[in-house]
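Which chain is which? They are A, B and C, in the order written, and residues in each are numbered from 1.
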Amino acid sequence: MTSEHSQPTNKVISQSSVQDTPDGRIPVGKTMPGEQPMLSVQNLKKVYHTDGGDIEAVRNLTFDLPKGQLACLVGPSGSGKTTLLKCISGLMAPTEGEVTLHGEKVTGPPKSMAVVFQEYGRSLFPWLRVAENVELPLKNQGMDKTARREVVAEALEAVGLSHVPKSYPWQLSGGMQQRVAIARAVAYKPEVLLMDEPFAAVDAQTRADLEDLVRGIWKKLGVSVLFVTHDIDESVYLGERVIILSSSPTIIQEDLLVDLPDERDQLETRSSQRFSELRHHVYEQIQLAKKGFRPEDAVANANA
Amino acid sequence: MTDERARPGRRSRGKAPLDRDAEVHRLHRWESSAATDRRGGDIRRHTDVSTSAALDIPTRPDPAAPLSSIAQSGATGRATTSGPGRARRRRRRGLGTKALGAAGVVGMLLTWELLPLTGLVDARFLPPAHEAIGRLITNFGLTDFWVAVGDTMQAWALGMIIAVVLATVLGFIIGSSTFLRRFTNSTIEFLRPVPSVALIPLAVLLLGTDIESALMLIVYACFWQVLIQVLYGVADVDAVAMNTARSYGLGPFARIRYVTLPTALPFVMTGVRLAAAVALILAITAGLVIGTPGLGQEIVRAQSGGNYVSMYALVLATGLLGVLVNLVMRIIERKILSWHSSVRTEVAA
Amino acid sequence: MTYIRTVLHIIALPLILLAIWFVTTLGETSFFVPTPQVLVETFTETWTSERFVSDVFPSLGRLMIGIALSILIGIVGGLLIGSFRWLRALLEPTLEFFRAIPPPVLIPVIMLLIGIGDEMKVSVIVLGAVWPILLNTIEGVRSMDEVLADTSRTYGMNKINSIRYLILPSAMPQIMAGIRQSLSIALILMVISEMFASTEGLGFAIVQFQRSFAIPEMWSGIVLLGLLGVVLSFIFQLAERWILGWYHGLREIEQAA
């Protein structure tokens, strides 16, 4: 097993993987030198207590998200991605470990964080119009009316929706609804933007547009983005870094640097040699994860 | 904390993938449980019948609401925490919830017991709880009490049967023809909001103070409840199912038997359950206002005779009767609909 | 053409029924059923003069106050009870029992406790009509969409804004369904409470007519009550369309999908 998977690894720069941890510890993501960690996840663990016994969704996760980075979390379905995101966003308390933002422990949803959910239809207020949806968090913050109007118009402009401020969200297509949710997050001016499989429910063409939109917004605003997805291509195309999760109970399978050029293009980038190498590698890792391979097992084997 | 328990056989390499599979599967189910029946208006309607025993009445579909009323699906049109997820949580908290509920009832009775003692309310007009409950228990051994209950329930049952039969037959006839539906719509919409108690003087004038007066009120009020539900049910028939039946050469009666009836049955049952509550209210109202025999009349008699303890005991009895009628109708509904796919789904999950 | 057909559909049956009534009462003088002309005359005579002030007006006033109080108490109480799981568990069985008591039996009880004045009648209306609103509000708050609630939390919505923009609108469809039920209960209780112990009001007047065998007047009272029910339901539908416009639009799109 180990030899199988180590081959493609040679071709890619991995921040950390099984091979890098000779001490036999669970692999740990590191912050790239010279960058200040913004969001930090330390030894995060989450166990659900249910009738059918406890379910260990996340076993041990540690990684840092530096300021301004766009990182993708990718993992097989059922790998506790949503759980992880809920813990990071402060919606759910971890069983063990902690999440810190600017060195401060996250105990509830932090002010400088915005979340875009997969279920766009359920995360927009159906009784508010598009502009009102974007405006509501600002109103809640006590921003005055003229400033609000300006920010909302800007945000809608940024996502290409300035023509429908008076529509209700449910009158729009799925892709447009997700744009509204993104506009709302953008208007909120967060430092960290969490996105939970935001494009899982939109069609392929809309998806490509939205991916470019996210990259555009990320560059323009300089926010840190943590983008959860189960789509391998999407994770490589979007991210500067891909964190591959194991199957549940989740640990980090591999933390991978994406050395693709900064300017990405749906046609050019996706057909480049490097893209397909990276994609190939991530795909293999996910397949391994699905089969139940875990770095800790490999380590245990090596030690035995 | 409990994490050690959560990973049995962690070190036994052979078993690990299997455990993991099962765990992944469970996690999967757990995470998606909230979204399982997001669009399942139908499922939710019957889920409520079977699982939310306590607060069923308010969640019942409003007979006058549009085809898919909110009572039938969540506020945003998407059911939220219903389904298996909710059922599970309900089970886990079952005991604590029941204890709290019992505490609430005890607290209410204590308040009632203490109110007259403190002198805030005149003890003559509000006797302490134990007296009323004691009288109620005494009543359970008295023939007169059971005769009154019997009279009330007779009017209730007869009125229900007449109204349900009339409304179902008429509902199916009207509902199966587009022309008849349009033709009768305005009249139905006009007559439905007319309060049944407006007919009280007419009933007294025409039928006197016998059970017939009560029946007239009951039938009038229940008829609309059931009719509207039947019309919704018949309109809910899936066009594809109907065309399939037609293409296989099923005649009109076979189509009613195998397509329309099964589709409409849950709606009819909802209508019947709503009508049962309304019928009880009117059976007792008729006794109160007109003086038809039954619990209502006994209450008036006790009140005008200054026998206030008796009056409170009888009021308690009507409340218990109301709870009982709701409970029984819910059980009947579940029994009759047990074959229905929406109910089966819930059981399977 | 389709417009004309729609109008025909609406008025055809009522016209036919009126015609049957007219023809069957033609020529003979039935004691129980007045002719249409007599009823129309009696109606205008009876209800446009001083009776409007002495009977209809007080009835309507009590009805409106009762409905307003029911809505207020039901929504505020429902928001409170629905927001706390323990409070809901504590009160559910008790509320269930109160809800199951047929509201009219409360009339003799409340007469005992607070007499037979306007307070009694308003209390009866509130005690009967508050339950559907209260319990539906609780259910509406309880069935809040989780993603929507999470969204509001991530944006740090404060309590007041949560109620104003999240909880209340999300529970509104259920609240409106509760109000619809309450309206008919309130109307019924208004009539019955006046039949019981009163010297004025619609219910009282109708019973008076019946006792004095003033048949056409009695019929006109029944018609007036019927009209009241219809008008109430019409106003409600207008209000609902306005308040729940978003909801009906959403449902339509979901059903078309």
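Rule of thumb we're sticking to: a residue touches a chain if its C-beta (ideal position, glycine included) is under 8 Å from a C-beta of that chain, and two chains touch if they have at least 3 such contacts.
Quick caveat, the model's predicted, so the values are computed rather than measured.
By the document's definition of touch, common neighbours of chain A and chain B comprise C. The chain pair with the larger count of C-beta pairs in contact, out of A-C and B-C, is B-C.
Comparing the centres of all chains, each the average of its CA atoms, the largest separation from chain B belongs to A.
Every chain gets a centre from its CA atoms, and the centre nearest the mean of all protein CA atoms is that of B. As a whole-number value, the distance joining the C-alpha centres of chain A and chain B reads 46 Å.
Separation between the centroids of chain A and chain C, computed from CA atoms only, is 51 Å.
Look at where the CA atoms of chain B average out and do the same for chain C: the two points lie 19 Å apart.
Residue positions of chain B touching 2 or more other chains, listed in rising order: 76-78.
Among all residues of chain A, those that touch two or more other chains are 119, 122, 126. In chain C, the positions touching at least two other chains are 145-146, 148, 170, 172, 247, 250, 254.
Within the complex formed with chain B, the chain C residues making contact are 9-14, 17, 32, 86, 89-94, 96-109, 111-113, 131-132, 135-136, 138-140, 143-146, 148, 170-174, 176-178, 180-181, 184, 187-188, 191-192, 195-196, 203, 206-207, 209-210, 215, 218-219, 221-222, 225-226, 228-230, 232-233, 247-248, 250-251, 254-255.
Chain B makes touch with chain C in their complex at residues 34, 39, 54-55, 57-59, 62, 64-66, 68-71, 74-82, 93, 96-97, 100-105, 107-108, 121, 125-126, 182-187, 190-202, 204-206, 280-281, 284-285, 288-289, 296, 299-300, 303, 308, 311-312, 314-315, 318-323, 325-326. By the touch criterion given at the top, residues 145-148, 150-151, 153-158, 161, 165-166, 169-170, 172, 246-247, 249-250, 253-254 of chain C touch chain A in their complex. Across the complex, chain C is touched by residues 86, 89-91, 108-109, 111, 113-115, 117, 119, 122-123, 125-128, 136-137, 139-141, 168, 170-171, 188 of chain A.
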